[in-house]
Amino acid sequence: MPEPRARIETSDIARPPAALVEAIRAMGAATASSTLHHMAGITNSHIVGPTARSPGHCVAGPALTLQFMPKREDLYSAAEYEDPELQLHRHVLYHTRPGDIVVVDARGDMRSGVFGEMMLTYFKGRGGGGLVIDGCLRDWPNVQGLEIPCWIRGVTPNFHTQTELMPFAVNGPIACGGCLVMPGDIIVADDDGAVVVPAALAERLIAEAHVAHGWEGFSRERLAAGGDLRRYYPLTDAARPEYDDWLARRDAAGGSTE
Amino acid sequence: MPEPRARIETSDIARPPAALVEAIRAMGAATASSTLHHMAGITNSHIVGPTARSPGHCVAGPALTLQFMPKREDLYSAAEYEDPELQLHRHVLYHTRPGDIVVVDARGDMRSGVFGEMMLTYFKGRGGGGLVIDGCLRDWPNVQGLEIPCWIRGVTPNFHTQTELMPFAVNGPIACGGCLVMPGDIIVADDDGAVVVPAALAERLIAEAHVAHGWEGFSRERLAAGGDLRRYYPLTDAARPEYDDWLARRDAAGGSTE
Amino acid sequence: MPEPRARIETSDIARPPAALVEAIRAMGAATASSTLHHMAGITNSHIVGPTARSPGHCVAGPALTLQFMPKREDLYSAAEYEDPELQLHRHVLYHTRPGDIVVVDARGDMRSGVFGEMMLTYFKGRGGGGLVIDGCLRDWPNVQGLEIPCWIRGVTPNFHTQTELMPFAVNGPIACGGCLVMPGDIIVADDDGAVVVPAALAERLIAEAHVAHGWEGFSRERLAAGGDLRRYYPLTDAARPEYDDWLARRDAAGGSTE
Amino acid sequence: MPEPRARIETSDIARPPAALVEAIRAMGAATASSTLHHMAGITNSHIVGPTARSPGHCVAGPALTLQFMPKREDLYSAAEYEDPELQLHRHVLYHTRPGDIVVVDARGDMRSGVFGEMMLTYFKGRGGGGLVIDGCLRDWPNVQGLEIPCWIRGVTPNFHTQTELMPFAVNGPIACGGCLVMPGDIIVADDDGAVVVPAALAERLIAEAHVAHGWEGFSRERLAAGGDLRRYYPLTDAARPEYDDWLARRDAAGGSTE
Amino acid sequence: MPEPRARIETSDIARPPAALVEAIRAMGAATASSTLHHMAGITNSHIVGPTARSPGHCVAGPALTLQFMPKREDLYSAAEYEDPELQLHRHVLYHTRPGDIVVVDARGDMRSGVFGEMMLTYFKGRGGGGLVIDGCLRDWPNVQGLEIPCWIRGVTPNFHTQTELMPFAVNGPIACGGCLVMPGDIIVADDDGAVVVPAALAERLIAEAHVAHGWEGFSRERLAAGGDLRRYYPLTDAARPEYDDWLARRDAAGGSTE
Amino acid sequence: MPEPRARIETSDIARPPAALVEAIRAMGAATASSTLHHMAGITNSHIVGPTARSPGHCVAGPALTLQFMPKREDLYSAAEYEDPELQLHRHVLYHTRPGDIVVVDARGDMRSGVFGEMMLTYFKGRGGGGLVIDGCLRDWPNVQGLEIPCWIRGVTPNFHTQTELMPFAVNGPIACGGCLVMPGDIIVADDDGAVVVPAALAERLIAEAHVAHGWEGFSRERLAAGGDLRRYYPLTDAARPEYDDWLARRDAAGGSTE
C-alpha cells in the first residue's frame, strides 16, 4: 500500500425511497428498535455511546459511512495539509444529498475531532440530515450555531489526525457504537439515540411497527389521573365500556384527545 | 426454579413518617452525605453513576426497589408479552404511593430501557416522587414531558429485556451505583446526585445535620465581595465585631439578608 | 513525613502578561490545540475528561494547581476539621488573583467533591477566572448560581476527603486529564474543552496561530448556500474572481459580513 | 434490618445425582456451553472474569453461593471479629459436601480477599470441589499448596471486609461474571473457564451434548498431517473410503487411535 | 447485502521472502518496535491486549487477517452450521502456508472463542506459525497440546458466534490491539508481545536495526558484577582500556563470553 | 521550566534498619495489610494492578521511587539519546543499595516499557531487591533470566518514552496502584501482591502483627482432616483438651508438627 490516496475515488451509496425514510422517521428510534427485535430477532440496533448533543431532534436518512483506523505513520501522509483532496474525511461529505446522515466509526476516541466548522457548513449547505459519530466533533463553539442534529460522544479542540487516528475508508461497512452499519442503511435518531435499520428490512419494519392502539390515548389519560395500570394498560375487557363511553363523549365534543 | 413467575406476589415496604422525609429533603443530598459520614462513619452514601437528567429537582422519599439480573433464557419467559402480569418490572410500580422513589439496579447497562412512557404515566399518576436507575430509560421523547425527577445513566430506544437483562426481584435489597439500598430506605436526590439514608438513621441524621451558622449569610456576603476566607469562613473572633455590626444594621433595616 | 502540615506554606506562581493571556483567550481552545501541534509537535494539549459544565464560556488564565493523592490514614489528619488552616485545598484558593484558573488533579474520582459553595464564593469574590477539575465539585445546587466557568467530570454530594482522596500539594506540577500542567501554564477553555498552553510557548503560539484568511467569511457564505467544498475551502484560484466581486459588493454596501 | 446477623441461619441446597454431575464434568466447559446454546438458546453460560488460577483442572459440582454487597457501615458489625459466627462468609463453607463448588459474587473487586488459608483448609478437608469467585482470594502463598481448583480474578493481601465489600447472603441467587447462578445449579469448570448449567437442564444437556463422531480421531490425524479441512472436517463422502480403510487397519492392529 | 456468503471467495496475500522474515524474527519484538520508532516515526507498533499464552516462543511471519464485526442477525446466517463452507473463519485458515501468522480482530471480546481444536489442528498441520487474536480461543484443554504459539487475550468455552460477534472479512485491513494490520505485513512476536512490521519497511528495518555493540557482552558482565552504569553503559572512554584488556584475555582463552 | 534536566541531581532516601525490614518480610504481605488496617485504620495498603510476574518470591525493602508524567514534547528532550545522563529513569537506579525496591508510577500504561535488560542487569548487580511498576517492563525474553522479583502489569516491546509517558521525578512521593508511596517506605511483596508499609509505622506493625496462635498447627491438621471450622478455628474451649492431648503426643514424639 505505497500510495494509498494518490487520487481518491470513493463510491456513492444506494438510497431508499424518501417516503420509506420518512415513515421510519415518523416511528422514531424506540419503535424501530423494538420492532426490529420482535420481527427479525435483531438483538441490538442501538448505536451505544453517541448521544443527542442537542435535545429535540428526530431525523432519519441513509448512512454515508466513514471509517477511522489507528494511525500508522507510514500510511498517513503529512501531504494531506498541502493537498486538501488527500484528506479522506472530506470525501465522505462530497456524497452528501439532502437528508443523508454521516455515520463515523472514530473508535470511541475522545481526543480526535472528526469535523470542524467549515466542513460542517458545507455539509449543512448540501442539506445533510445529521451526524452520528462514535467519537467527537471539534470547534463546537462555532459548530453549534449550524444546528445540525448530532449524536456524538463529545467534543474536543484537537483535530482529527492530531493524536492516534486517521481516516481510512468511505462508504464501506463500519462498526459504530457496537452496531454494524452498512452504507445505505437507514439511520433513525432522536433523543433516545440512533438506531440502524438495515435497508433490506425497512419496508417490513414499516409494515410491522407497532401501531398505537386506539385506546392508548384513553389509557394515558386514565393513568395520568391515577388509574390502575392493570386495568388500563393494556386495556382490559373490564375497562372497555368505560373506553366506549370516553369515545362517545369525545366524538360528541367533536374532537380528538390526541 | 421451574415456574418463577406463575403468580407474582411482591411485598410492599414500610414507609417512614412524611415529616421525617420532608426534613431530609430540606437538607439536600450534600448535607445528608457529609452528616452520615461524620455521625455514622458511612464512607459513601452517594449512588454513583446515575445523574440528574433534568436540573433543579430536589426530592426525598422511601425506596421501592427493583433488581435486574443477567438474562437467562431458561428463566425468562417469552410469555411476558402475552400476560402483562408476568412482567416483573410492572410490579414495583404497583406499590407506588405519593412521594415514593423507585430505585433500580439495572447493572449499569446502557442497552436496556427499564421503563417507557405508559409505565411512567402510571407512576406519575400514582404520585411517584422520582426514579433512580443504575441504567437507562426508554422513550425519552415522550417521557420527558411527564416531568418526573430522574437520576439515570442515560436513555436508549431498546426495551428492558431486549439485550442481556431481566427483572428479577421487587422490594428486596439491591446494590445501586455502588451503594446498598434496602427497601424503605430514604433516598434524597438533587443536582448533586442521589443519596441513600438508612431508615434507621433518619431521625438521628435530622438531629445532627449541619445547621447553617447564623453568620454564614454574613460571611457569604463578605466572601462574595472579595473578603478573606481565613477571616470569614469559619467566622473568626477578629471578624465578630464586624458581624455584630452587620447584624445590627440588618435589624435596623427591618429585614434579613437571607 | 511526621507533621506534614504543621504550618502550611505554599508558593505562588509566576503570571504571564495580561495581554498575552487575552490573546490566547481570543483564539480559543481549538486554534490553540492545533497550532501547538503544528508549531511545536505537541500531540495532545487537551485535558480530556473534564467538560464544560455550562455552555458558552471562553476563558484563559494562569494555572494555580492542586494535586490529590490516594488517602493514607497515617498522613491525613482528622485535625483538618478542627483547624481549617490545615485543609490544604483552601491554600490553593488563597493565591487567587483575577483571572486565575484553578486546575485540580482529583484522579478522575467521581466520589469526591473538591470544593463547595463557601470556598467557591471566596474564589469568585477574588476574581477567579475558572476551574478545571479532573474530578467533581460538590454542592452544585448552590454553586451553579455563582456562575464560575467550570470544566469538571461531574458533581457529587460527598466532600473532598470523604472516600479515597486527600489534597497533597499546591502549585506543583500535576497531571490533569492526561496532560502535564505546570503551575503558571496558561489554560484556555471553551465549549471544546480546556487546553494547556506551556507558558514558554505562549508568545510564539500567538504569533503562529492561524489567522482567519480574509476569504473565510466569503467561503462560509458560499458553503452555507450549498457551494462546493473543493472550490471554496480552501479558496481556489478559480473562485478568486468571485471572491473579489463579493468583496467589492461588500465594500460598496459599506459593511462587513463578519 | 436492625440485627441482621444476630443468629445466622442459612439454607442448604438441593444437589443433583452424582452420576449426572460426573457426566457433565466429562463433557467439559466448551461442550456444555455450546450445547446449552444450541439446545436451549442460552446465549452465554460462561462466567466471564474469573480464570483458572492453576492449569489442568476439570471439575463439576453443585453451586453453593455467596453474595457480597457494597459495605454499609451501619449494617456491617465490627463484632464480626469478636464472634466468628457472625462472619457470614464462614457459613457458606459450613454447607460444603464433597464435590461442592463455592461460587461468589465479590463484585469483581480486586481489593478484597474472600477467603484465606484456614477457611480453605476447612473447605478442602470437607471435600470441597472448587471455587469460582468474581473477585480475589487472599493468602495465596499458603493457599496454593492446598491445590483447590480455583477460578478467580486475582489475589490480594487484603481481607474480605477491608475495603468496600461485606458478605450479604448465602445460597441465594447471585450474578457472577455476567451470569445468573441459582444455588444448586451445576458448575463445570476447566481451563476454558467456568460454565453454569441450570439444574433443570442438566439431564437434557447430557442427552444432547455433542458426542464425538467416530471419524474425529481419523480426521484429527489427517489434519495434523496437513490434510484439507474441507475434506476431513466434517468428514466428506469423498473421504469416507479412506476412513473405512483407516478403521480396518486400526482394527487389524488390534487397537484404537484414541 | 442480501446473500453475503453465497459462495465465499477470499484473496490470498503477498508474502515477503523467507530470509527477510527470518531476519526480523532474529531481532525480536523489542528491537523491531524501537527501530520502527527511531527510523520511521512509528509511535506504536505493539499490538496491545493479546499476550503470550505460553512463554518462550519467538516467531515471525506474514499476516493473514480475519475481521469480526458486531453480529447482525439479518446478515448472520444460521445456515453456517448446515454448510461449513459458509463459516467465514474457516476461510482465513485455507490460505495458511508454513510460517503464516493469523491475526484476528475479535474486538477484544472475552465471550467469543475464535477457533477450537479441529480448526487449529488443521492450521498446525499446514505449518501455521502462530496466532495473534484480540480476543479469545476456545477448547484450550485440547488446543494447548498443539503447541501453536499464541498471543491472545484469554480463553472461553463459548464458540465464535455464540454471543455478539460474527466473522466478516478475510485478508483485508484490520485493527488489532490498537494497531492497523494490513494483510501481508510481517508480525514478529515473542514474550514482549506482537509487533506489526509494515511489509514495505521490512528491508530498511533490517538494515537499521540495532546491532549489539561489541562491548555489550563486556558491559553486561561488569554490570552484573556491580559495575557502574555510568561507566559501562554505554561504554565510556575511561572504561575502554579495561574492555581491551578483557578482549585480550578472552582471546587468549580462545573463547567468547557470549 | 526551561532547562529541566541540564544537570540531574536526585536525592537518596533514608533507609530503615535491616532487621526491621527483615521482620516485615517474614510476616508477608497479607499480615502486613490486615495489621495496618486493624492497628492504624489504613483501609488499603495493597498496590492494586501490578502482580507477581514469577511466583514464589517474598521480598521487603525500602522504596526508591520514580514518577512518570504524560509526555509533553516541549519538556521531553530528544537529547536524552545523545547524553544518557539526561535519561531520568537511569537516576533512580543509581541510588540502588542491596535490598532496595524500585517503585514506579508508570500511570498504568501498557505501551511503555520502563526498563530493559542492561538497566536491570545493573540493578541486579547492585543488589536491587525487586521492582513494583504500575506499568510494564520491556525486553522480557532477556530480563527474565535475571530473576529479579517483579510486580508489574505486563510487558511490551516499546521503550519507556515511545508513546505517551516521560520520566519526571526520582525519590519523591508517588501514587502507585491506588496507594501513596513515600520514598523510604517499606514495600513487602509476595504472591498476594505488594504492600506499602509507612516507614513511621514499621516498628509498631512488627509489634502488633498477628502472631500465629500456638494452636494453629493443631487446628490446620484437624481442618485438613475434615474437622469442624466452628470447633477448631478459632480453637474453642471444647476442643482444648484435644489440643492438649495433641501437644503431649507431639512432645512425646520429640518433634513439632510445624
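Some notes on this structure:
By letter and in written order, the chains are A, B, C, D, E and F; residue numbering begins at 1 in each of them.
Keep in mind that, in the parts below, a residue touches a chain if its C-beta (ideal position, glycine included) is under 8 Å from a C-beta of that chain, and two chains touch if they have at least 3 such contacts.
All figures in this text were calculated on a predicted structure; none of them were measured in a lab.
Among the other chains, the CA centroid farthest from that of subunit B is the one of E. Of all residue numbers used where subunit E meets subunit F, under half belong to both copies. The two sides are thus made of different residues. Centre to centre, using the average C-alpha position, subunit A and subunit C are separated by 32 Å.
Here the CA centre of subunit A is 51 Å from the CA centre of subunit F. Spacing of subunit A relative to subunit E, judged by their CA centroids, is 38 angstrom.
Residues of subunit F found to touch two or more other chains are 43-44, 178. Touching chain pairs in this entry, ordered by label, are A-B, A-C, A-E, B-C, B-D, C-F, D-E, D-F, E-F. Considering their complex, residues 28-30, 32-34, 37, 43-46, 48, 51, 55, 58, 178, 190-193, 195, 216, 219-220, 222-227, 229-230, 232-234 of subunit B touch subunit C. Subunit E contributes residues 1-2, 40-43, 69-75, 107, 164, 168, 173, 175, 178-180, 182, 198, 200-201 to its touches with subunit A in the complex.
By the touch criterion given at the top, residues 84-85, 90, 93-94, 110-111, 113, 116-119, 121-122, 124-127, 138-141, 144, 154-159, 162-163 of subunit F touch subunit E in their complex.
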